[in-house]
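Given below, in the form of structure tokens, are the structures.
Shared between the two complexes below is chain A, which has chain B as its partner in the first and chain C in the second.
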Partner chain A sequence: MCFKNLPIAFDEDGNAYLKEGVNDPYEYKVVDLGIEQDKLKDLMAKNGFIRSVDYDPVTRVAGALAFHSVVDLEKKKVLSTNSMATLFRGYEIILKGRDPRDAAYISSRACGVCGGVHATTSALAIEMALGIKPPPLGIVMRNILLAIEYLYDHPLHLFLLAGPDYSEELVAATNPELIDKAGNAKARGKAVHGYSTVLDIMKDLNPLKGKLYLEALSMTRVAREAYVAIGGKYPHPQSVIPGGISVTVTISTLNEVYSRLIKFFDYSQKVTAIWDDVFDFFLENNPDYNQCGVRPATMADTGVWDRPDSYDATFENCDKWGNDRWSTPGVLVDGEVVTTNLRELNAGMEEFVEHSYYEDWDGHRFKTDPLGMPLSPNHPWNKDTIPKPGKQSWRDRYSWDTCPTWDRLPMEAGAYSRMYLTAKAQRAPKSKFLQNTGHSMIIQVPKHTLPAATLEWKIPQHWNAFERNRARAYCIPYSAMVAMENWLLAQQLIREGETKVSTPYEIPKTGTHIGFGAWGAGRGFLTHHLIVEKGVINNYQIITPSTLNAAPRAPWGAPGPYEEAVLNTPILEKFDKPEDYQGIDILRAIRSFDPCMPCTTHIMAKDTDHVVTREVTTCACGIE
Partner chain B sequence: MTNKKIAKTQTGMSELRAKKIFIGTVGYHILSNHSIGPILLPHLKKQNWPEGVLIDELNWGPIAVVQQFEAMKTPCDQVIFLTAIERPNRTIGEITVHQWLGGLPDRKQIQACVGDAATGVISVENLLVIGQYFKVWPAEVFLVDVEPGPEVAGEHLTEEVAIKVPQVVQTIRTLIKEGTNGIKEISYLRGDTLFL
Partner chain C sequence: MAALNDMGALLPTNIEEVHAFWVAGGSCDGCSIAIVGATSPSVEDLLRGVIPGAPKIVLHHPVLSVVAGEKFIEPFRLAAAGKLGAPFVVIAEGSIMDESLAGATGGYWSGLGADEDENGDPQPIPSSSWISRMSKHAAAMIAVGTCATWGGIPAAAGNPTNSCGLMDFLGEDYRSALGLPVVNIPGCAPQGDNMTETIAAVLLFLHGLGPLPEFDELGRPAWLFDETVHRGCTRAGFYEEGEFAEEYGDKECLVEVGCWGPVVQCNINKRGAIGGRGGCMNVGAPCIGCTMPGFPDSFAPFYATPPGTIVSSNISRVTGSIVGNLRKMTQNYQNRTAKWNKEGKVPSGWGHVEEPGFLQKVAHFAYEKLQFRNSPKPKESTHGNILEHKMDWKKKENGQLKIK
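Take a look at the complex of A and B:
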């Protein structure tokens, strides 16, 4: 039985039911965060080494993610954390009352890098709600497109956002004791990447000028070119539609893609060797780095990349086609797989707003899913978002992000979650290039200019900032090989004359139709929950990876994933005076999640003319 | 002033071609006046423009925009961004033309801009700096920047901004036709002072 906290049980035939005899089955405890704040205030008054440190914004542009923490600079400990999404966007407001086909265009504009995944997830939600099964080539080409999107995203994050935190420049400024050691540390992957020492690698990780930094930019260009061959535009593809894709696919299209994709064969080998060397160096030289950003491997993932012979878009079969995906959907709790079924993943989802600028809502329209599995009033299909801007307070409400949970547990999301779950669950069908062992994923990378290689990502003992990034590096060969396997399938389909790429459909003007799209963003877990009524959108709810990761406290006090990861992070940075403290360990912890803040916050009002004024200052000064 | 430009061909021969001008809209959607670019994009696309004028949204990460400009077979001669950034001492709907003079902030700031780009943030300032760093901008880069007032959610422009739409379009046309000669007042932006 996968649920430990929600009142859902299963009979002998595996049918879910609401546990009987529970007075208020979905009730939950709301704790007073003020007690913790009073203690901190007291400590800060007594001890000069304890101070508030605000990372505002974590991204430079105000109005994205801000992070507040209280640190004890003498004991080198983080005492308290608050993750704040300080902006809201109205992408969901606008969808109410509209044609469901507008959802892809509007939702994909939420972000400057995640357009394709929002468009695809929206298409999947519509396909489920309206019963549209795309043809095999449409499914396969969508898989290739989105695998390529990850090939754009992962190098960008690894080398342009997180990479500089491990560069010679940053390490010399924050942990100079490691520089000499890095100079003497032989790089184990020299045969692949060409660097003799770890310091040589770190120098090329330097921002803006480092060769690895610039090479990553160049590789994102390669990925973009391949993406555009299918999607027309990056990052907002013009060809992703409910029912498949809207572009004619020929052998020439596939050749365009292949000539770019093969460049990722060598790059995959190089990137994984680079990051293995860098992260092994840090962890071997100071095992305390294992605690940087550490939290239990409690994660959710939607799975991604559908099998053309399995995906039929129906809710009824979603467990089957979900498990047939190249990446397995499901939930990990403390490193153990608790479900790989999309129905259970869906039923366990709830969103809470006790520490967010939203009002709670009444009503429990969908008490079960279409097959009878109980759904909470806080489930996305039941959610009604009512904005409630107000004073920012650590004791009460402090974020525009909500607190999504699965079975009442805050869940982490990331590209790495899809690899972790797939490797651990061993449910994905046999693959030409991928093998899941239960403790690792083995990836066969074909030769390009480098000889063919067998790469193995192993499930780590500690789930920390370093391992998140290491896993993300291995997601490059993972994604490339899924793209390659689908490319081969596309070739075969075209040879067999299966050139249809989309299924026509009409929006029904009557009745209620519900569906959800479950598809991973570059940053992991992404769902769109849709209700279509009388031909228009009645409700549309989006949960993005950063909605999960940047969540504020749960009503019962459990910290969100960023908050928990930072709370567990030791301060290993070297500094003489408190004024010199830069907070690199905390930033490494947050950046390891690949924050994508514009997607995080969504607002939905009752009508499209509803206007809500932003009343939240991003400055944390004076907040109680 | 003509819209034609002498360009060198690969064989060294000169040819007269229309200036290539890119009008790019930058900004998040669904933020009322702050979304003037996305809101006006369809309106702008429907209008007749001189030969060589391209109009498209640039509401995405600056790294992808840089790559888009690098991939152009013919580089642009002029770029005009339509934006709405809340600035002090302006009334809602006030139109300011900024000319981008180039220059770069320090490396730390440039990397911060790149970091934001990687997290999906859409910002014209980020775009200007990153484009400048990667040398994709032509000599003439302008911002037609409309004062949006405080950030609010909404899919429509407020009355104060809506009535300025013809003037916004006319300002863009003037920049295309006459460059800065036709603009009464122009302010300047530089990368090295942008974040001070």
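Take a look at the complex of A and C:
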């Protein structure tokens, strides 16, 4: 019984039904945010230490994100927060009425940071809607491509986007007391990374100058070179298609991938050792850092990397093939796994627009999923995207992002959610390289120039900014070993003569066909919901990880994940005058989520027959 | 402009720094991601000022900047007011959205930075307002990616934001402070080096080191976009011989499974996507025309055979089957050594190689007559005495080098 708030119950056979006798089963309370704003205005007028701190834009995130906070600089507390996505493009509207085959290429452009995962999620949605099962090598090659995507995504975030916040230059400006301590702190990972003290590491994190910063840039290129051997180009690969992949797989393809993948064996060891040293230093020197960006480990993930012997693209079997993935889909509430089933993950999703620049929509076309599990009128298959640009107001509407919830709970998403769920649920396939213990993930990294090593990521006690980033560092070996596992499978398939990479299909000219794609982006949870009617796209809805993370308040007042994480963040920065305050703690908390806004916003289609179009906002997960 | 004979420095240093403002409008950030992959030159080399002869670029980019919020926006305000006190270029990524539509209901589509409203509350500043104000003072306006150049997907049919490209937004009479119309580097995303190379070429020109880069009638770097992607395609030879892929994954030419390469101006097959690797059609993926002004609508539905192909690929099937068969005959002889020809046998343990039949021998005899009509055929080996092979080079006669 995974749902606590939605009116969905299960009979003894496990079939879901709508609880009876509830008058308005999907009703929810709408809270007036104006009362809180009046109080804040009052406080600010009375107390000079209470002030509004705005970041527009929040930099070193992908895409257009702005953040508003009210902080008490005397008590060193954050009093109020608002997260704003500041871009709307209308992809969902543009997709409406088009040939479904166009969706993968067009929706890929929702996000330039993780185009490949959008293309793949779109392909999965089409495969489910139209019943297309890709051949094993097609599935395996997609897995490799999308594991490699993370190998350029995570280092980019760790060293170019989040990394500077832990560099000697920035720490000296905001917390000079830590610099001397770092100079005396012995680095435990010296044997792997070669640095004697934590300060030595911090110096090489300095933007554009530090060796670790520059090395990360060059490692992202190594990964991209492997990526384009399959994708043709990046960040929007040209080869991901419904039914598999459009690549002529030869020995050269696999060789070009492998020669670059092995470089990530050493780099995995180095990156995890680097960030263990830096984060342990902060947390050990000032345990208050445990509260930076802290929130309950309440997270959702779609899972990623299908097993070629399990994935059949059907809705009917999605719980099975979902649970067979190398990364387990599901939901964590306060650190506990409440489901690993894709059907329940799907049915629990809703989106709300009370504080977003959209109009609410009417209608409840799909009352249940294809197997009878109840769906809310706010479920993506029922949603409509109706943009309504308006003034930015903390009392009312302030973001192009919507508020997605699962079972009425704001959910966090991230690469780390993928690892957390997989480690905790222990459902993933048996692997020589990856073992899940329920409290940790053990990753066996083969030798390259460094000897083979056993890395272990442990589920942390506090879910804070430091642990998000640490987990992301461990996602590098995790992804590399999934790529390795699939590379071996590709070799095996080719040895066995299974060289087909795609399944041909026709677009049905009649009938209604629905599907959803669920696949992890670099920063986690990603779904595309699709309705095909009479051969064209009738509705397309995208929920991205940053749609979840950057969400504005829920109608009933619950803050979105960024908002909640920053609310819990103590101000540990040192400053003399309020004017000198920079807000490093708040920015660390936000950046730990790896915000990627381009695909966060939705767009709506106006007056369409049940079409919801969603737009993706800007994602800026990138660099440059 | 610095002269090359300036004895004061090895290479010119008259402009030490150029500011570059990266303004992302309706974008996915893919162009930002793509440029970070560039290596010729790399972004970090441009930013660190370590390329002799090119000024250092001071980049104001929302994804890379160390500072955030108003500190980040301050230089934008100065540049927009013409008060930066240093030369700058604007690099626009993403479509320009019609903010008058959003403004009608008091809102915006794409915001960057904020101004206070009459109540002292922050209101986002539309990205396009930065573009129009900064364009008046910019040394150059550079549009990167198909959204900023032509409008791209946000400007596709049915879009709610009435988006367009930079050229449409600024108008045909627009000239930068240096007198340039908008420079366009298309692609979704553009190949990384196409962006850094063009930027470097403009910078070298400003220092008097390079020629004025040539741009075509749409403002594209001519040396990058003059040719079709098909001309540089590793599969173009299949087209020539009339061999076509029937399904995804096949090794032949992709036109019949949806490739628009023969009419698309792009260099990705020649240059590769990064470090010479990849390239859409090289790996097996059909071209959907992402560098072209008509993208995406003129190339939809993707994966369907382009109508022009019905004529052209069938012509090449006919001619190609003749040419291909003749080539195979020649190729068979080229797979043989002189020794094998003499001995009438290929000593391979891998498989049996058929000896050429009578007709093939006749054809080959005629072929060699043509091949050596103006020069002698290399002599057959005389075993043992290398001195007999001393070659006596004569002077050029009739434009040919002759061997005695």
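The rule we apply is simple: the second predicted complex is superposed on the first by the 601 of 624 C-alpha atoms of A that agree within 3 Å, B and C clash if a C-alpha of one lies under 4 Å from a C-alpha of the other, contacts with A are read in each partner's own complex, and residues count from 1 in each chain.
The definition used in the following text is that contacts are C-beta pairs under 8 Å (C-beta built on N, C-alpha and C of every residue); 3 or more make two chains touch, one makes a residue touch a chain.
What you are looking at is a predicted structure, and each value in this text was computed from that prediction instead of being measured.
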Exercise. For chain A, which side has the bigger count of touched residues, chain B or chain C?
Worked result: C
For this session: Quick one: classify A:I93 as touching chain B (first), chain C (second), both or neither.
Result: both
For this session: Answer with first, second, both or neither: which of chain B and chain C does A:V333 touch in the superposed model?
Result: neither
For this session: Classify the contacts of A:V247 with the two partner chains as first (chain B alone), second (chain C alone), both, or neither.
Result: second
For this session: Report for A:M202: first if it touches chain B alone, second if chain C alone, otherwise both or neither.
Result: neither
For this session: With the two complexes superposed on chain A, say which partner A:R109 touches: chain B (first), chain C (second), both, or neither.
Result: both
For this session: Would you check which partner chain A:A129 touches, where first means chain B only, second means chain C only, and both and neither mean what they say?
Result: neither
For this session: For A:L160, select first, second, both or neither according to whether it touches chain B, chain C, the two together, or no partner.
Result: both
For this session: May I ask you to decide whether A:P595 touches chain B, chain C, both, or neither, giving the answer as first, second, both or neither?
Result: first
Problem set entry | chain C-contacting residues of chain A that also contact chain B | 59-61, 63-64, 87-91, 93-94, 106, 109-113, 115, 156, 160-161, 164, 207-208, 217, 220-221, 224-225, 234-236, 598-599, 603, 605
For this session: Within their complex, state which residues of chain B touch chain A.
Result: 28-32, 38, 57, 59-61, 63-64, 67-68, 70-71, 107, 109-123, 125-126, 133, 150-156
Problem set entry | Complex interface listing, chain A residues touching chain C | 54-64, 66, 68, 84, 86-91, 93-94, 96-99, 101-102, 105-106, 109-113, 115, 156, 160-161, 164, 169-170, 207-209, 214, 217, 220-221, 224-225, 227-239, 241, 243-249, 253, 256, 357, 387-394, 499-502, 504, 583, 587, 598-599, 603-606, 616, 618-624
For this session: Can you check the complex and tell me which residues of chain A touch chain B?
Result: 59-61, 63-64, 87-91, 93-94, 106, 109-115, 156-157, 160-161, 164, 207-208, 217, 220-221, 224-225, 234-236, 595-599, 603, 605, 608-614
For this session: Could you please specify the touching residues of chain C with respect to chain A in the complex?
Result: 22, 24, 26-37, 39, 42-44, 47-48, 61-70, 72-73, 94-95, 97, 101-103, 105-114, 117, 121-124, 152-154, 156-161, 163, 188-189, 191, 247-251, 257, 268, 272-275, 277-288, 290, 296, 300-304
